[in-house]
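Pasting the structures in now, so scroll down.
Next, two complexes with subunit A in common: one pairs it with subunit B, the other with subunit C.
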Partner chain A sequence: MATKRELAALRKAKATKTLDKLTSLAEKVITQAEKLDNPTVEIPIRALSNVAFNKKKHIIEMGSKTQSRTLFNVNMAKRFAQTFLVAKACKELLDAGKTTSIRDLYYMTKHSIGKTSENTFENQGESDPIIEDLEVTINTLREELHLFASNKGSMVGELTLVDAGDTIDARRQGSGGWAVPSIVEDDVIQFKKCDAKFVLLVEKDAVWRRLNEDKFWRKYKCIIIQSGGQPARGVRRLVRRMADELKLPLYVLVDNDPWGLYIYSVIKQGSINLAYESARMAVPKARFLGLSSYDRERYDLPDDSTIMLNNKDVARAKQMMKYPWFAERKWQRELKKMLDSKVKLEIEALSSKGITFISDEYLPRKLKEKDWLV
Partner chain B sequence: MSFDPQLSLLDTTRAKVPRPQAPDNTLRSHRSKRVGSAKEDPDCSEMPAKSSQKTPKNETSSAPDNGRPTEPDITTAKPPSKKSGGKGGPRKKRSAERLAQGQRDISVSEFFVKNRHLLGFDSPARALLTTVKEAVDNALDACEEAGILPTILIEIQQTADDRYVVSLQDNGPGIVVGQVPKIFGKLLYGSKFHSLKQSRGQQGIGISAAGMYGQLTTGKPVRITSRTQPKYPAHYLEVIINTKKNAPEVIRDTEVEWDEPHGTRVEIELQGSYKSGKHSVDEYLEQTAMANPHAEIFYYPPKGRDEVVYPRLSEQLPDEPAKIQPHPYGVELGILMKMLKDSKARHITTALKEDFSRVTPKVAEEICKTAGVSLKARPTTIANREAEALFNAIQKVKIRNPTTDCIVPIGEELIRKGLEREIENASFYSVRTRAPRVYRGNPFQVEVGLAYGGQLTGLIDHGDLSDGSAWVGGVRLNPTKKVEMALTSIPGITRKKAVQLLLKAGIDRATKAGMLTADQVELLRAALDAEARSESATRSIHLVRLANRVPLQYQQSACAIHKAVTDVNWRRYHLTQPRGGLPQGPLVLVVHIASVWVPFTSESKEAIAHYEEIIDEIKRCIMDCGRELGRYLSRRDKHKAQADRRHKFDLYCGELVEALHFLTKRKRTEIKKILDTAADHYAEVGDELQE
Partner chain C sequence: MATKRELAALRKAKATKTLDKLTSLAEKVITQAEKLDNPTVEIPIRALSNVAFNKKKHIIEMGSKTQSRTLFNVNMAKRFAQTFLVAKACKELLDAGKTTSIRDLYYMTKHSIGKTSENTFENQGESDPIIEDLEVTINTLREELHLFASNKGSMVGELTLVDAGDTIDARRQGSGGWAVPSIVEDDVIQFKKCDAKFVLLVEKDAVWRRLNEDKFWRKYKCIIIQSGGQPARGVRRLVRRMADELKLPLYVLVDNDPWGLYIYSVIKQGSINLAYESARMAVPKARFLGLSSYDRERYDLPDDSTIMLNNKDVARAKQMMKYPWFAERKWQRELKKMLDSKVKLEIEALSSKGITFISDEYLPRKLKEKDWLV
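For the complex of A and B:
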């Protein structure tokens, strides 16, 4: 186990490496301008057009296509300058050894330009993509830039861990659980005593509360995590580390609709936008526990617990069926069944069979029958 | 503040000069110094005035209570059918003899009364304009014919609510006393009707019609003062028209003292109405001055408005247009018959040769052969029997185009000068005079001038800020008022508009005007400028139509010039243009057509007929100027784009310098220099080359 001093040294070395990258990016701009070349930043494209599904590794990987962002082009000049405003703010953070939220960064970099009423950034929606651009451009991670998103997700279960030097017993986290931080790298979080046999990730806070109240994790020796919808990087990186370091299988419980299924997909093989993070965040062996399109019949759920699919749901399901990572027959069947039945099913629908139906019957039976998809 | 294009056009170059004493003096002088007539004078104006008050309304009914035999007798206007028709009811059989009792000559004056709309007297405002117009046209023509640089004084005085005296004085050759009554008192009298020559008037119906209108509406005679040479005395005449006989009657003829060595002064009192703006006397004179840069015009408007002086721009008279014989292609059948009938030649070939231009003996022979008439036939015989065959033959025979030296254009230089006088600060001018062309055997020539942008965009002199108060739009905002209220003191700014401007400028509307910062005042000015710019960009252009140096003001959309302008694709020249309409933008477009015979659509001479050859030629001429305008605008747009680019680069480079300095630790000045050089380079290159 690394000492505190060693951890600090590790952090410092990481910071220096990132700083070098930022500096050379800036130097390049000056050199180009000196030669009357149009200063250019090559940014890997974060879109469907530049991702590929690696069938072997079972993850979505980013391709090699880049877009050029040039300074002397009226349509790009602003974003070019913004890129370096973010770089500058990151250097300030790295120099001071502080981390901050991306919202904070927005305020650090936002000011009016010259005497105009124009701002460097009009809203956070403008600065967030620039941060991601910078990450991929200099091939660094968000946390290496000392940035984090707001905490999202919480956890309880049979695990003891150290978070920024404080020991946390995940068995004693009350009804709210331990909030999963945005940065969960090993210089911040270290796992200690683990009695869990598996990890269960649920999409919804309400369902997680039910399971926590029923002490499902104690009975079945597991860790339960709620992601609050599409999981943030912190949760994704954490479950990946548990899978890698603690060798715990990961089960995912989501709504039976295209969006729920896609949450599972992101956990399993990564997302299009953050394809460059797949390699260290995806959990290809994650198990899709439910809700399956077939659960309605198998668990005899009443018809009035269902909701009609709307146009958006149908369009999204059809779009997903075309993704290479949904090409396998089992997923096509799931989606087809959903479209044919014309209804979706929320996890809460299980409560129509009784408040503790989920912890007493549904989950135990699923696990017992090994009724999951991978 | 001038959102109105007409107003801005008018206001720009008007030199405000003290009213010279001359016209006032002369006006008084011939009254007071008139030999032996000073005291009798009032009677002729006052008495009939009362009785004639009603006449305009019941011109066509009888007015037996008119006191004087010399009064316009409008009983003749009574429809003749009344006499023969008897009382209403079922129709009765009537013999030709009985009908003949009701048939008789219709006097020209009667025709006038019934058709005054054709002659331009259909409304009081238009009557005033037409009167000025006819008088000015006559004066200019007279001066030019006599080889004198015209100096013209126009004065309009209001004598009652709806009554005006139009006085026009020129420095022309004057009129021989014996001719005065005919010129001013007989319709259709003149020298121009019988020849083909480029001139302003064409039918000789003008000034006498104005006189008749005045007489019909006020009962006043036309008053003329004229002197032909310094050594002869000036004559003062009062002429009325005997409407029954279409004959003038002189009711007064006296010698008077007059300051002018030669010239003519005409005074007509008429029922009218004075207004400014579109279709106004003001506008007409402004355009007349533009079309006649060799004339000097003094204008004294009514209602206490400021005098306007249009100084002479050219000391040279336009060349005298040559008289030409009609070309066979331009002659209509009826005219052809009349010409043959009047011919003194013995043989048809000689008649053709002598009375028409471009008819050589060979051509004359060919025409006759084609028509199948004897070469030796008498013209009068042909006129009666074979005129139509001859007419058709003319169309088939190839005849050379007429000479074009009979047309005198204004010329590119003077059109430009005239435009520049009216619109001092346009950002672009273009003028073009094309070579003469021919339609139907009539030579004509087209000229175009245009002025674009600058003051036409309505940019405003906001006023001087040095006294520390907020000057916006030429108005000092009342510092104690809320700015939204203070702004309404700018002409043309309503409360609503003021609120919009403040919103645009990002200023709280409740701010006291006195509390505005210098930056805020700048923002307000910019907002007002932007407003004016966008307003002028969506306004139709101002089209000035001139025919033989005479402005055409009415019936714009019926005119061949309007048709040509709307037919041109102005989008090609970077202007917006609604489908089938006039283009939009801060543009004044002057189109002049000079011809020995301008084909007007009606006698009021307000619109040119749609002859294909004429429209095509106007279009070509407009396009010549349009292309130049297009080039200018695209150059300007490019410069603007370049400046915009540079501005944008500057903004973001400023941000970038700070970031790069922080990241690389290199000096700010060093980085700034490098970026500035590169920015200059790329601002010039433009985005398109980077793609």
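For the complex of A and C:
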């Protein structure tokens, strides 16, 4: 087991690596300035036009198109300066060994320019995209820049881990569980004794609590994580690390509606907006355990446990059917069945068959019959 | 320390008490029916008209007005039946020793009536108020009916507690912390070794993480809890129990805007909507640590760390000035100062003075100078 000193050394080594990237970005610009060239940064484009679905790797990837951001250009000068203001603040964080929120970073970098009424940043809507620019430009994750967004999610199960030097036995986390932090890189979180055979990620806190109360994770030797809707980066990165380092299969349990299926999709192949993160956040082998559009018949769920699809649901399902990553026949069938049946199903609908139906029947049968989609 | 068996016995004793209340409610109605009277339940009214601010206890209280809900009345028959459907489902939960979400309860109690197209409940919007009716009618908390809403919040600090039989040392919960569950009654959560001198509740997760990373709780011997905005019932009940059982003062740190001040107010004296819970959820001695409208001058915060009040902020502040629980001069001054200065301040604004300004200067000085409002 890594000692606190070893962890600190690891943290420092990782910080140094990121600092080197920041420094060489700055040095390149200084060199240009000394040569009296127009200082320029090449920033990869984060838009649908520069995104592609890699069928082989099964992830949504960012392409190689970039845009130049130059200092001596009326339209770009401010953003050029903002880029380096953010880089400077990240350098300070890394130097101090501190992390902070993207909201905090906005306040750290906001100030009025000289004696003018002009501010470096007018609002966080200006600083957030600059952070993403910086991430893609120097090929780093924001967590490596010591920045975090919101955290969400909790976890229990057959795993011991170390979090910031404290040993967390996820088998003994009571009813509340361990709150998943937003930065889960290996200089903060390290996996120790793992007795789990798989990871089950559920979209909903209330369902997770049902499974925890029933000690589902103990009986089926697994780790259960709830994401509170669309998973935060911390949860996505954590399950990815579990897939890579612990070789655990990941099962995803979401509502049977377009939004639930899309949560699975983002976990599996990443999203359009954050395509540059797919390589380190996506879990291409993630298995869709449910709720399937066919579960209503297969598990004999009563009609009154369903909810009618509304117009937004229908439009979203149709839109999703056109995405290349939903092109395979099994997904077209799932979405078509949902549209044909005109109804959606929440995970909680299983409770119409009894409080512990999900723990005692639904999940065990799903797993036994290998009734999932990949 | 209570053994698992003792905890189970306590849980059972509490369940029995609630079951008795449910049973006597049902028996009363059966007696009426046998006498051929119109079965009637007296339900305390949950509205502004039945709410009063108790200046002495410093909590918002529910009055004694009730409304009759009778079976043989076209307008009430459905809700009368719904009341007992919910009571029956809660009895099942208590009998089985299980807890569930209010969403789940909706699915448990929803079914079509006979061969009609009429459902017992059309949506959760119908079942939630019935739960609240039941709570006030038999004078119980929903947690005692084994129901939970959402959970939010995490905690670290100088306290050991037992959660569902697992010992949680809040001094060793890493960067994530212990996730506060939504049911924190003493048959689930029990306090053990406490070395804390106070509790600090912060509205914002990102600020909490700053304090945890800086190990503020270790240096100042306290417990830090983040509520993720308006605290969920679990967090409110937990800090109340800490105030009662551990005799710890509670400090609240929120944004300096009307919404932040109102979060403090709900923690302190309860809310209008849930006035019946104040007696068991409110912490009348809670101290408002900040951000005060005077902090900008007192802590020399730069002008560009402020945000202009918008129309909604102004209207809300003016509305709050009229509430009896904001009538004291100190609160009128706070709100007036906010309105006069025309700006609001987020806790993160402190970062404009440095990343660790909040841990190293702001909070220590606040506590040392006893610069808070009660």
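Some notes on this structure:
What we mean here is this: the second predicted complex is superposed on the first by the 306 of 374 C-alpha atoms of A that agree within 3 Å, B and C clash if a C-alpha of one lies under 4 Å from a C-alpha of the other, contacts with A are read in each partner's own complex, and residues count from 1 in each chain.
The rule is simple: contacts are C-beta pairs under 8 Å (C-beta built on N, C-alpha and C of every residue); 3 or more make two chains touch, one makes a residue touch a chain.
Just so it is clear, the model here is predicted, and its values are computed rather than measured.
Residue contacts after overlaying the shared chain place A:L36 against subunit B, while subunit C stays out of touching range. Using the contact criterion defined above for the overlaid structures, shared-chain residue A:L134 touches neither subunit B nor subunit C, since it reaches no partner. Touching more residues of subunit A than its counterpart among subunit B and subunit C is C.
When the two structures are aligned on the shared chain, A:V254 is found in touch with neither subunit B nor subunit C. When both complexes are overlaid on chain A, the residue A:T167 reaches subunit C alone and has no touch with subunit B. When the two complexes are overlaid on their common chain A, residue A:L309 makes contact with neither subunit B nor subunit C.
Legend: residue contacts after superposition of the two complexes on their common chain; A:M281 is shown touching neither subunit B nor subunit C. Taken together, the two complexes place residues 92 of subunit A in contact with subunit B and also with subunit C.
The part of subunit B that touches subunit A in the complex is made up of residues 506, 644-645, 648-656, 658-660, 662-664, 666, 671, 674-675, 677-679, 681-683, 687, 690.
The residues of subunit A lying in touch with subunit B in their complex are 22-23, 25-27, 29-30, 33-34, 36, 38-39, 70-75, 77-78, 80-81, 84-85, 87-88, 91-92, 113-114, 116-118, 120.
Those residues of subunit C that touch subunit A in the shared complex are 92-93, 96, 98-101, 103-104, 106-108, 110-112, 119, 148, 150-151, 154, 162-168, 172-183, 188-189, 205-206, 209-210, 213, 302-305, 346, 348-352, 355-356.
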